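In what follows, structures are represented as structure tokens.
After this come two complexes, each holding subunit A, first together with subunit B and then together with subunit C.
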Partner chain A sequence: MTTVLTPPTESGSHKEPPPLKPPPRRIGRWVLFGAMIVVAVIMLYPFFVMGVTSLKSESQFLSGGGFSWLSWSSLTSVIPVGQEVLSSTIVCSSSIFIILCVGLPAGFAFSKLRFRLSTVVFLVIVSAMMVPLQAILMPEFVNVTKLGLTGGYTGAILVYAALGTPFSVFLFTTYFRGVPDELIEAGIVDGLGYFGALWRLVLPIAVPAIATVTVLQFIQIWDDLLVGLLFIQNTSDRPITVGLAVLAAGRTTSIPELMAGSIISALPAMLVYLGFQRYLVKGLTMGIDR
Partner chain B sequence: MAEITFDGVTKIFGDNIPAVDQLSLHVAEGEFMVLVGPSGCGKTTALRMLAGLEDITAGSLSIGGTVVNNVLPKDRDVAMVFQNYALYPHMTVAQNMGFALKIRGQSKGEVARKVGEAAAILRLTEYLDRRPKALSGGQRQRVAMGRAIVRSPQAFLMDEPLSNLDAQLRVEMRLEIARIQRLLGVATVYVTHDQIEAMTMGDRVAVMRGGRLQQCDTPQDLYDHPKNDFVAGFMGSPPMNLLRVGLETTDAGVALALGSQRLAIPASYATSHHLPRVDGPGVVFGVRPEDVEVRDGSSADSLTTRVERREALGAEILVHLSLVDVGGDNAIVVNDSGAVVARPTKLVAKMGPRSGVSVGDHLDVRLNPDHFHFFDADSGLSLRRGV
Partner chain C sequence: MSTTVTTTAAPVFAPKVRRMTLKRRRQFAGVVFALPAIALVVCFIGIPIGQAVYYSFTQWNGATSTWIGPSTWTQAFHNTNLWTALRNNGLLLLTVPFALALPLGIAVLLHQRVAGWRIFRSIYFLPTAISWVVLGLVAERFFAYQGTLNSIIHALGFSHVSTNMLGYQSEALIALGITFIFTMIGTNTMLFLTGLATLDPSLEEAARIDGAGRWRIFRSITLPHLSRFVQLAFVMTVIALFSALFSLIFVMTGGGPGYATTTMEFLIYETGFNQGDFGTAALYGLILFVITGIVGVVQLRLIGSNE
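Now for the complex of A and B:
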């Protein structure tokens, strides 16, 4: 893997004479540490509030004192949480599956095969990343409706896949450009065809890229409301984000119940991130280079 | 095991300049053929065409008597060792070595047995469970070799497999690769730009320049009878001294005009070589550094020189000599912008470690008259008859 190493540069800010150098560095570390704690508190505080609030009943929330499991136990009767998490999971995993199935071979082709207009096609696909969802939402809705796909999950899955694919093509292309051609050629000389090489060499080598695409797309799709709201019209097929939105829009919304629902909805994305994070950091230098 | 034949093989990339131009070369069964030449001369391209990684523009290429121009790489049954080894990073050493066999659907037991055998030959047995990342450069090189030899392919193709190793390891692996190749007796095409590797490893050596084959011979023949001045200058370290000189007639017969000095050419060369006419365009005269010997006192067959530089290499000393009193054409000529465009005629001599020469000394040197080389001044082709 080609890594661009920036040469170590002299830090311009260090004007002190040499003997004083160690203390400022240590102070710098503490300052950094302190800043990170502040940032962590700012980021985690909403979760804390969510957690605490969800552990109160409606009246406890309004009066401020005491804890109970009431809002958690009543949550399932207010909205079909289980069904909605399942819907979200189906939509999310199907879209990501399509995004990976298209992005990986496309990235391989763009980076390793020479064919006419490959650069142009690549640029066109990648430039689709710049198009904001809102700009194409209405035409897309019309299309999907005309195709009669707004009933089940299909419409939403296709829209998510279309939105995520340009990024995934881009990421896989960049990733494979860093994989030496010789590696694939070694496989081909060893007896693989192009599809064999894709399946038996490229796929395992691409695990970090697959993980990156999966995590980023999962978070994006799981947390998205707009597409789910528009393209999944059956109330029984609602994803969790839409469910929560409905809950929040109700006339007598229970804030603790909303918080409990929010935790359930936020948790999977966090778990996926934590689970795959290992591959995101690792792997990019799998020892391909020497 | 098979023979390999390049017949007028040409490769033209987009820019219309042939990277490999009309290459005709035959590699016999079990032969170790070295392709050598300067950077960009088309060695890698020739090898890649053989592996099937590059289309052939013209000509025909056959392995074991079958034309393979349109045969897919996977069906050619050749094994290639890449310059950067290209080990599969996600597999262990054993998996790397067994991969090709696994693809071909051999049973687990058989793969393990063959990998074990190859690992023993390459002394890799204790590393079989490691990933390439956790190996040293030399070990990775051996794994790359192992990946090739487990397959018992029709041919081995190696592209500068030693160029990423340090000098000592390179010497070691040079012997190792040659040993394994003899052991297995598989036709091998080995690409390098290192002429020492070429000389020591090859049964025959093919020298290329600018996509064209210059000469293909045994290392010794190549060294003793280079077909042109390029091969003469390329093979050997330090390279052959090549001087562009005129011919003159003296009392003793035909002589080389080296500035004001004259060096008699033994009469035998007039019959063994097509020497050009006296006072004509001249020739390129070649003599190897080891054929330049120091003499006590000047004589008819010696040249007077001055020591310009000495490089002690331990076992030998390279002495850079300039001919004294060269005058005329051979003196330093400086062009308008101050750059040197011609230097006084220089010779490099290889001397014993204890020869006490120092810079500025005047030496009389004799050029061993048995080992003169003459090349055409324009084409650079050897003037030896019958080549």
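Now for the complex of A and C:
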């Protein structure tokens, strides 16, 4: 930022492209900078705690002094991180795949292929966004158990998919409303057919919306506890977030090992977030400005 | 939408028929494309709502249910646990102003665009990516007797003062509330920053030239501009408060000590899976459903007013 170096002028900024803010006085800048550092320290605190604590052995953690790799080397024997990360990956990717496969055509239908009552159906689906799982937890759990889906990942995947679908339908519909009708019309007249139009025209256009849904749902599902806890019965199939939570609640696992596991669980979501930050922001503010 | 074809003025007969079938075919395609989404939502969200209503009138252990009738509801409202959970949720609502004001301040800070603001932005949002299970774990360490909070207090010179907030009924909820505020900072800051980015800088510039002070500009221009974003953040925060605390509670307190940190959503889990009383848990679920429904209507109106 060059504005830091140039002396603040009250009237000189008329010709150049307007700065986003009038440059405040220098002392003000330093106060601002200091405040931002303070906030940064607070926001980084969890990462600091995880990092430092994981580098201690149990006894070092209790006495406070020293560092070692002990917790990391014993991690896999205490927490099956490999298996758990695999489970998380399977559950996440399958659910997101279903959410996209179901949400994209529905969004196309609700925006461009409107049928009788489609507006009402759309509103009902969107309002399902507001139903928290806890509100329907008991019937849901019994249904999925009776269907015999809690043995593997299927139950959890379907529940995640169902919970993520309303948002994706909303997002795709809103997104496609911005696409001119003529484009789709032309494709259909050209003999693509509706499936052809969906596959060759709509899908390529929808890439940013697909990215937004994927990023938001990935973080949501990867970080979730409740569904994985209840709808995956085999403890050996547990996703990493669930594995960590159960060990933490048990209060018997050593804290440094839990922290090492936390870092493993946090890394994928953090990388996705850092790589696709703008899609996250886009998804969050969807419906308020587009 | 109307199925009558007579209104469309068609000069020749043939194109009219073609247009009609095209329209019907399109509607048919629309139904086919929407059906999977409808089916998924109906099966996993719609039907369970209906079942919850039925089971709320029964005694149910998950396998067999016996019809009791409306007396289950009167009985439920005499249960002190329900009122404790509702009170806890009510008290936690007091955190909402903080969960909005702090991010607003941080967003305004970031919007000043001092050197390196992009890096700061990434740092501020980073906790948003990680699970509330992990954040709860860290928070548990922070508030623990041998945790960071006591280290800070001792470092400040109050060596005789020690806290153990998660261990006391009167303080555990406060610790949970503070953690909740922390977990909401990233999302809400993101929302407000997006809002600030849509603000026309020339407006503030004009006000500044007219001699308005910073506070005055913030109050008269920035804040009104952000009102829609504040509303959205408010709704999202309240919804999170009623439906996303489970991970934090599960890891930090398990709902205790006693029922001191049991909120509605945790009470549902506890009643169903620890006590095995599925019927009452389904009933509690409906109460939560009504609460979030009210908040949801507010949000739908916010979205609706934009279109």
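Here, the second predicted complex is superposed on the first by the 230 of 290 C-alpha atoms of A that agree within 3 Å, B and C clash if a C-alpha of one lies under 4 Å from a C-alpha of the other, contacts with A are read in each partner's own complex, and residues count from 1 in each chain.
Rule of thumb we're sticking to: contacts are C-beta pairs under 8 Å (C-beta built on N, C-alpha and C of every residue); 3 or more make two chains touch, one makes a residue touch a chain.
Note that the coordinates shown come from a computational prediction; the quantities given were computed from them, not determined experimentally.
Student: Examine A:Pro180 and indicate which partner it touches, taking first as subunit B and second as subunit C; both and neither are also allowed.
Tutor: In the superposition, A:Pro180 contacts subunit B only.
Student: Touching A:Thr53 in the superposition: subunit B (first), subunit C (second), both, neither?
Tutor: second
Student: Does the superposition put A:Leu147 against subunit B (first), subunit C (second), both, or neither?
Tutor: neither
Student: Given the superposition on chain A, which partner contacts more residues in subunit A: subunit B or subunit C?
Tutor: Counting contacted residues of subunit A, the larger count belongs to C.
Student: Identify the partner contact of A:Leu201: answer first if only subunit B is touched, second if only subunit C is, both if each is, neither if none is.
Tutor: Only subunit B; A:Leu201 stays clear of subunit C.
Student: Examine A:Ala40 and indicate which partner it touches, taking first as subunit B and second as subunit C; both and neither are also allowed.
Tutor: After superposing on A, A:Ala40 lies in contact with subunit C but is clear of subunit B.
Student: Which partner does A:Asp190 reach: the first (subunit B), the second (subunit C), both, or neither?
Tutor: A:Asp190 contacts subunit B only, not subunit C.
Student: Check whether A:Leu225 is in contact with subunit B, with subunit C, with both or with neither, and answer first, second, both or neither.
Tutor: second
Student: Output the subunit A positions appearing in both contact lists, the one against subunit B and the one against subunit C.
Tutor: 188, 287-288
Student: What residues on subunit B touch subunit A, complex-wise?
Tutor: Touch residues, subunit B against subunit A: 51-53, 72-74, 78-80, 82-90, 99-100, 103-104, 131-134, 137, 140, 147, 151, 164.
Student: What residues of subunit C sit close enough to touch subunit A in their complex?
Tutor: Going through subunit C, the ones touching subunit A are 1, 3, 25-34, 36-38, 40-41, 43-49, 51-52, 55, 60, 62, 106, 109-115, 117, 120, 122-138, 140-142, 148, 182, 185-187, 190-191, 194-195, 198, 201-202, 204-205, 208, 228-229, 232, 239, 242-243, 246-247, 250-251, 254, 264-265, 268-269, 272-273, 278, 281-282, 285-286, 288-289, 292-293, 295-296, 299-300, 303, 306.
Student: Which of the residues in subunit A end up touching subunit C in this complex?
Tutor: So the residues of subunit A touching subunit C come out as 1, 4, 18-22, 24, 29, 32-33, 35-36, 39-40, 42-47, 49-50, 53, 98, 101-103, 105-106, 108-110, 112-116, 118, 121, 124-143, 145, 158-159, 161-163, 165-166, 169, 188, 194, 198, 219, 222-226, 230, 241, 244-245, 248-249, 255, 258-259, 262, 265-266, 269-270, 272-274, 277, 280-281, 284-285, 287-289.
Student: Tell me, which parts of subunit A touch subunit B in their complex?
Tutor: 180, 182-183, 185-193, 196, 200-201, 204-205, 207, 286-288, 290
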